[in-house]
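Below is the structure I would like to discuss, written out as structure tokens.
A, B, C and D are the chain letters, set down in written order, and residue numbers restart from 1 in every chain.
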Amino acid sequence: MNLSVNIGGLELKNPVVTASGTFGYGVEYAEFLDLNLIGAITVKGLSLRPAKGNPPGRVWETPCGMLNAIGLQNIGIDAFIKDKLPELRKYDTKIIANFFGDTIEEYVEAAAALSAADGVHALEMNISCPNKQAGWIAFGTDPALTEKVVTAARRATKLPLIVKLSPNVTSIADMARAAVNGGADALSVINTITGMAIDIETRRPRLSNIVGGLSGPAIRPIAVRMVFQAAKAVTVPIIGMGGIMTGGDAIEFILAGASAVAIGTANFVNPAASVEVLDSIKDYIVRNRIDDINTLVGGIIC
Amino acid sequence: MNRLFTAEIVRNDPMDNGYFALQVTPDVEISEPDIGQFFMIKTGESIDPLLLRPFSFVDFIPPNDKYPNGSLMFLIGAVGKGTNILKHLAVGMRLSVIGPLGQGFPPVASDEILFIVAGGIGIASVLGLTNVNPNTPFFYGVRTKELIPDMVWFNYTGINTFTTSDDGSIGFAGSVLELLEKQVSEFKRGCGGKIKIYACGPNGMYRAMAGMNLDADVYVSLETPMACGIGTCLGCAVDTVNGLKMVCKDGPVFNLKDIIWDG
Amino acid sequence: MNLSVNIGGLELKNPVVTASGTFGYGVEYAEFLDLNLIGAITVKGLSLRPAKGNPPGRVWETPCGMLNAIGLQNIGIDAFIKDKLPELRKYDTKIIANFFGDTIEEYVEAAAALSAADGVHALEMNISCPNKQAGWIAFGTDPALTEKVVTAARRATKLPLIVKLSPNVTSIADMARAAVNGGADALSVINTITGMAIDIETRRPRLSNIVGGLSGPAIRPIAVRMVFQAAKAVTVPIIGMGGIMTGGDAIEFILAGASAVAIGTANFVNPAASVEVLDSIKDYIVRNRIDDINTLVGGIIC
Amino acid sequence: MNRLFTAEIVRNDPMDNGYFALQVTPDVEISEPDIGQFFMIKTGESIDPLLLRPFSFVDFIPPNDKYPNGSLMFLIGAVGKGTNILKHLAVGMRLSVIGPLGQGFPPVASDEILFIVAGGIGIASVLGLTNVNPNTPFFYGVRTKELIPDMVWFNYTGINTFTTSDDGSIGFAGSVLELLEKQVSEFKRGCGGKIKIYACGPNGMYRAMAGMNLDADVYVSLETPMACGIGTCLGCAVDTVNGLKMVCKDGPVFNLKDIIWDG
């Protein structure tokens, strides 16, 4: 029974990874699960300099989901390399560094800095966070700009480059093609969907940023659809995510075309969710007598 | 010790006023929690509500013959989706729990006098303090008499309580802070000495306290919406003079003077 | 206390209407509620000729939501006018005829036919159904085409013309502007979001059409955000919808910028949902001492 | 009469095999349902599961002293989210219900002989037929003995049952259709006459029946996912020789020969 998958050059022992921003810097979860068991840890989105993020009023629960407007608060790439990576190197798992910048130059610089660090196995480029404003949003929604910023980051790293797509677009297929044209080795599909909630008593938005990103089971049908559409548009491997709570949910993404899956919001509900999903994937493939999980990828029968 | 565990409901008693008293016993050994710390509790099997809910514990009964892993007592107000589900769960059911979490109230030095202040359901977070500080004056403000939970449940019957109510239906008629201020200055005029105040109540109460001239070290337990409870989602931020802090990890207990109240 | 609102010339006694496709042709619900109480009934999407819709495998429940791929099955405009309208005319409420076509010409012809009918008070133009394929989708996602088809329909009717927008776009503001430029008197925001689900045992999609439209509480945060963004972009009134289950949900849409709200999937959960939402809106405005519901529209404090 | 009503749970008994027997009494007068009709039931307060679930009723007990609006009995398999919640709801709770819905089994003419066929949980839809047709042969196929629900609950103890099981643990070892075919041809060879067969089971059973040469009028009760239950969402379509039909409104009972089985 083979569970290992190759995500654009990144060899994972199994297809279960954690989603950026929902698993801290990984080390915080060592208490809850054996980090050696999961395919990879994707760390919180990193920027060149530490970032303060948005003012309080950052999370709000919605039906079967949650909104967040953390605003990419992080300790910065230097502190990550100095304080977190040495600890992470102790585990036999892959580390995916999620990163972002405000300009193309910052993306390039961040990619270069992370590539030089010992213990980072792949880069995940976040061009799609709904909590950043104005010009920034265009990186994740305008195919031409996507291709441009990915091309630039591509030159700055020899590591597998995963581009994380925004679901807030008319055509996820166009965005997938743009990222691949820019040199992406793999895609992460999807980031959160922009939403908002209002407190009807105070008439104020629940989030200081007014809008935030919707995640959790509520968005799963949308995420599965986008993975399906992206997988049809490009040939690079896809990490599927969006509302995965169970092994069955993960299989749904794999059948839709994902080569690996990321566990996000589920980590909040159950910090050991990723290993439980992995165990249940194993049960499924044993029960269905599947030798190699890769044969299941895109296995939907239409 | 792993802070993720399951616990069995051993008692779940609704009170007339919308509160309910929940007692659970962990299926495994857990760390002894400090007063002011809290637990994240899954309020049922459903994915709606999705997230766990934070609750301070009122009391931790150490391991004993009946409960080899001890037991945790909670006092909870049924205010929304999650708490109303939790309220109806049957004895014998198991809950998923994470904790103890965060930083509780700091210890009280021997040369300090403690005053405790509770506003409404805030009593759940500070009631346990009377255990270690039995004669401490306990200021407890409610809107009206009916909103006082049945304390007998918790075996806290001999507390030195100063009750106040907005409508005068019980105790001093007026704000709990009014009474506190009076007693604090009386104390200062009398025996004197260093005062610590530990408080739990609505944000409005804290803001008012921040505006008062209490000449005391005031610690308060904050509430914000939370997703993870363990410091990783960065969702429960609060603005302090030392920058943004996470209520679930750096708090929920903070020195009142550190909090920046805006808006 | 004034509850009446004006939706681009359509005077409603109160802001609660039913969403197209979730309330049949209206008459089926007379058994469950007093149809005279609600602001308007929007009927199932109509086309010039009766339409058969998609093969079975048309609905599937998802977390806090549902997918549908009915495929716009309907009895056709002629049968609607002959068999349903006479019955609907007996009620003291407004009738909004939702319609669609496969070509611009069909849109024009449908608009004209419905405008000539006695008892239709407004037209709602569906340019956004995710269950139709290919070229059709462009009407709802390409602003230039949107403007073109709306302009054409605009010329064919003197009734208030409401254009129903697709949420499957990068910028709902652009789509709102395009519809208004084409002559829309009001907008309906939002239609369902494209999603899919897969049966992991059979590996087949749950819907015969593979993808379908996601509706229900799961999408509410996305819908509220889109109403907020559309209301900022245009000045015409908006009918807000997407996951409204309670009066509180409805108030959220109104604060975000909706002048009226439509009850959709909630009708399936409770056929009397629309009047219950209305009652609870009344409670809210009494409790908050609001004289005129119109003062609440767009009342979010940011 | 309004088909939307609330009903109180008066009995909710789990059985060992995953089935449970649910009895509710409506808060208002309801129309007397026909066997084969069904009710949409909200399985709890939560918005997940969102939609009501369709269930055939086994029996309607007419209004009596104890239950002025009568009572409805259901036999339900706990197979997913909604049914597992419903299973745990306490007596005294109220459910939101719509019904009776759809078209039940047609009446049996005096010159016709009825055969009833149930596969697995399908028994819930046809069990009630034995009430009006007490001596009717009742063919009941299960995978294994343990999956037979406790009939005593329904007071159906004197049924002329031909039980079959896939594993031979009870009754005839093999398919229920095998036994049915045998009995039907025996009957034809014997007394003869017109046969009606009313069946409820999985689609696989219906397909097999469609392929058999039964020389009988076969009516089957179909299941599809449903949203509204009242014919307005157009979600529960089934392909028939007369075009698309709605299972909730035109069915759930259909003449087997009208159904088009594809794929």
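Keep this in mind: a residue touches a chain if its C-beta (ideal position, glycine included) is under 8 Å from a C-beta of that chain, and two chains touch if they have at least 3 such contacts.
Computed from a predicted model, the values in this text were never measured in an experiment.
Chemist: Looking at the contacts, which chains touch subunit C and subunit D alike?
Modeler: Per touch definition, common to subunit C and subunit D: A, B.
Chemist: What chain lies farthest away from subunit D once each centre is taken as the mean of the Cα atoms?
Modeler: Of all chains, B has its centre farthest from that of subunit D.
Chemist: Counting only Cα atoms for the centres, state how far subunit B is from subunit D in Å.
Modeler: That pair's centroid distance is 52 Å.
Chemist: What's the distance between the Cα centroids of subunit A and subunit C, rounded to whole Å?
Modeler: 34
Chemist: Could you tell me the distance, in whole angstrom, between the mean C-alpha positions of subunit A and subunit B?
Modeler: 36
Chemist: Which integer distance in Å separates the CA centroid of subunit A from that of subunit D?
Modeler: Here the centre of subunit D sits 46 Å away from the centre of subunit A.
Chemist: What residues in subunit B touch two or more of the other chains?
Modeler: Within subunit B, the residues that touch at least two other chains are 47-48.
Chemist: Send over the residues of subunit A in touch with two or more other chains.
Modeler: 63-65, 216-217
Chemist: Which label fits the chain touch graph of this model best, line, ring, star, complete or other?
Modeler: Basically all the chains touch each other, so complete.
Chemist: Where on subunit B does subunit D make contact in their complex?
Modeler: Interface residues on subunit B, with respect to subunit D: 46-48, 85.
Chemist: Can you tell me which positions in subunit C touch subunit B when the two form their complex?
Modeler: My answer: residues 63-64.
Chemist: Going by the contact rule set out above, which residues of subunit A touch subunit B in the complex?
Modeler: 21-24, 28-29, 31-32, 44, 52-53, 55-56, 58-61, 63-66, 68, 70, 73, 216-217, 245, 265, 267-272
Chemist: Mind pulling up the subunit B residues that touch subunit A in the complex?
Modeler: 2-4, 42, 47-52, 96, 98, 224-239, 243-244
Chemist: Inside the complex, what are the residues of subunit A that reach subunit C?
Modeler: Residues in contact with subunit C: 62-65, 67, 141, 168-170, 193-198, 200, 202-205, 210-211, 214, 216-222, 224-225, 228, 243, 248, 251-252, 255-256, 284, 299-302.
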